[in-house]
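First chain A sits with chain B, and in the next complex the same chain sits with chain C.
Showing the complex of A and B:
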């Protein structure tokens, strides 16, 4: 690991903890429990990755397997964070039951497609399935975020905090998807490693900012002209 | 009943879109990899968290081959 890797690891871990502290200090723990759980798990897994990289080495199979299995876990958790935002945006419509059902159906569908993809390849290992479902869920996340954003614009949603959280997820998913596309075109691009770490820094930093600076009651000034406060 | 049908339709739309989007994102990967003299693409370029990505598993002899969109 280079000094830059250590630096990014430390910064990301620090930002994740800062996000949790900000959420607790600004009384967002109960309302945004999924976000806080994600940040706590991300911090724990980052710490565990660090320990494994130091004890077994970054090129060891232990680090490889732990890294990708934990990555899949984090992607699934991010999916539930997104569903939490859906529930928050559509809470007035009383469609919680359908949202939960849809989310489970989507997760099961993604798992089925991932299994089919792995099953079609020559080797059938659970590791491949974990990698596949992680990638597919990421693209599901990209699409879901933009669909939610479209629905929010259509519904004249003006809650600043929810809007900020949705947009921060949109930036994160988009940056990862763009990096994926660029890396497929230029597999040897050295800077891509740092782009990934910067995007990892973005999510907890933007959430920490939102919990600190944007009050729960905050409304967007421009939207107030179009629609009454909710 | 119609609401559940709408949920199923929405889920299928999202799944189709996501898989299509992923295929578009990795559409030219095959040609690029071949052009680079057989150098494989990284096993998985997603990352949640700050730790660096493990090195290419082709350098570790005993490791399983990662999924490859071009093989499928």
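Showing the complex of A and C:
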């Protein structure tokens, strides 16, 4: 690992812990439990990645496998975070049960399609599945977040905290989907690694900021976010 | 082909989400009423703050002690302003189309900066008043 890798690893882990502390300190633990669990799991996986990189080396297949499959696990956990946000937005309509079912069905479908796509082309390595599924999962995340954001605008959702959490998730999903798609096209692209690290920093940092600075009772019209000069 | 399509759509979505996120950060400041003291200090006469005043506002913010650690917010706004300035430099040739939007975004950043300055001035005035009170 280069000094830059160590630096990023330390910074990301620190931000994840900061996110958890901010959520607890600002009494958001119970309300945003899925977020806190995600941050805790992300921190644990970062620690495990560090241990594997030290024992097997950062270029080893073990690290490669662990990195991409743990990343897939984290992405799936982010879907639960997204479901939590959906449930929050559609709280009054009582459709939480259907939303959960639909999201899980979509998740399973994405995994099946990714497996089929890789399996269909025999010249590709099985490890390519990890890249393919990450790209597809993140893209489904982009679509689901976009759908949620559209619904929030239509329903005139005005909770500032929910708005910022949805938008930060949208930034993360779209940055990762774009990065993995580019990585799929050019697997040796060096800059992708740094983009991944920056995006890993984005999510806990923006959540920590939201939990700290945006009060639960804060209100802001979504129309103002879309067209601020109105 | 699919990867290319995904990357294209994702980049567009990223831009929209990021701009909306930044709007959400500065939305609060749009309807904020500035105090007379801040208007006087900054020399602001109109309701809107111009983007070319942004750097001066940052300098004024830097000399004013911060309340409740709003330094991260200042950094976030500066980052967004820097990004917009970069886009303006890179896409200078399509200025008529994008320029107006960038100008309005930069004005929003300046407005957010002046609101932060206003809060810091109010905080410092409060501190001074408390200090005077204890001295008496």
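What we mean here is this: the second predicted complex is superposed on the first by the 198 of 230 C-alpha atoms of A that agree within 3 Å, B and C clash if a C-alpha of one lies under 4 Å from a C-alpha of the other, contacts with A are read in each partner's own complex, and residues count from 1 in each chain.
Note that a residue touches a chain if its C-beta (ideal position, glycine included) is under 8 Å from a C-beta of that chain, and two chains touch if they have at least 3 such contacts.
All values derive from a computational prediction rather than experimental measurement.
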Q.
Which partner chains sit in contact with A:139 here, chain B, chain C, both or neither? Use first/second/both/neither.
A. both
(Q) Touch test for A:61: chain B only (first), chain C only (second), both, or neither? (A) first
Q. Which holds for A:164: it touches chain B only (first), chain C only (second), both, or neither?
A. second
(Q) By residue count, which of the two partners contacts chain A more extensively, chain B or chain C? (A) B
Q. A:74 contacts which: chain B (first), chain C (second), both, neither?
A. first
(Q) For A:27 in the superposed arrangement: first (chain B), second (chain C), both or neither? (A) neither
Q) Is A:101 in contact with chain B, with chain C, with both, or with neither (first, second, both, neither)? A) first
(Q) Contact-wise, after the overlay, does A:196 reach chain B, chain C, both or neither (first, second, both, neither)? (A) first
(Q) Identify the residues of chain A that lie in both the chain B contact region and the chain C contact region. (A) 117, 135-136, 138-139, 142, 177, 181, 184-185
Q) Across the complex, what residues on chain B touch chain A? A) 3-4, 6-8, 10-12, 14-15, 17-19, 21-22, 25-29, 32-33, 36, 39-55, 57, 59-60, 62-68, 71-72
Q: Could you pull out which chain A residues touch chain C in their complex?
A: 117, 135-136, 138-139, 142, 145-146, 149, 160, 163-164, 167-168, 170-171, 173-175, 177-178, 181-182, 184-185, 206, 209, 213, 220, 224-226, 228-229
Q) Tell me, which parts of chain A touch chain B in their complex? A) 1, 5, 8-13, 42, 45-46, 49-50, 53, 58-59, 61, 63-64, 67-68, 70-71, 74-75, 78, 95, 98, 101-102, 105-106, 109-110, 113, 117-118, 120-123, 125, 127-128, 131-132, 134-136, 138-140, 142-144, 147, 176-177, 179-181, 183-188, 192-193, 196-197, 199-201
Q.
Which residues of chain C touch chain A once you look at their complex with the stated criterion?
A. 2-4, 6-7, 9-11, 13-14, 16-18, 20-21, 23-28, 30, 72-73, 76, 104, 108
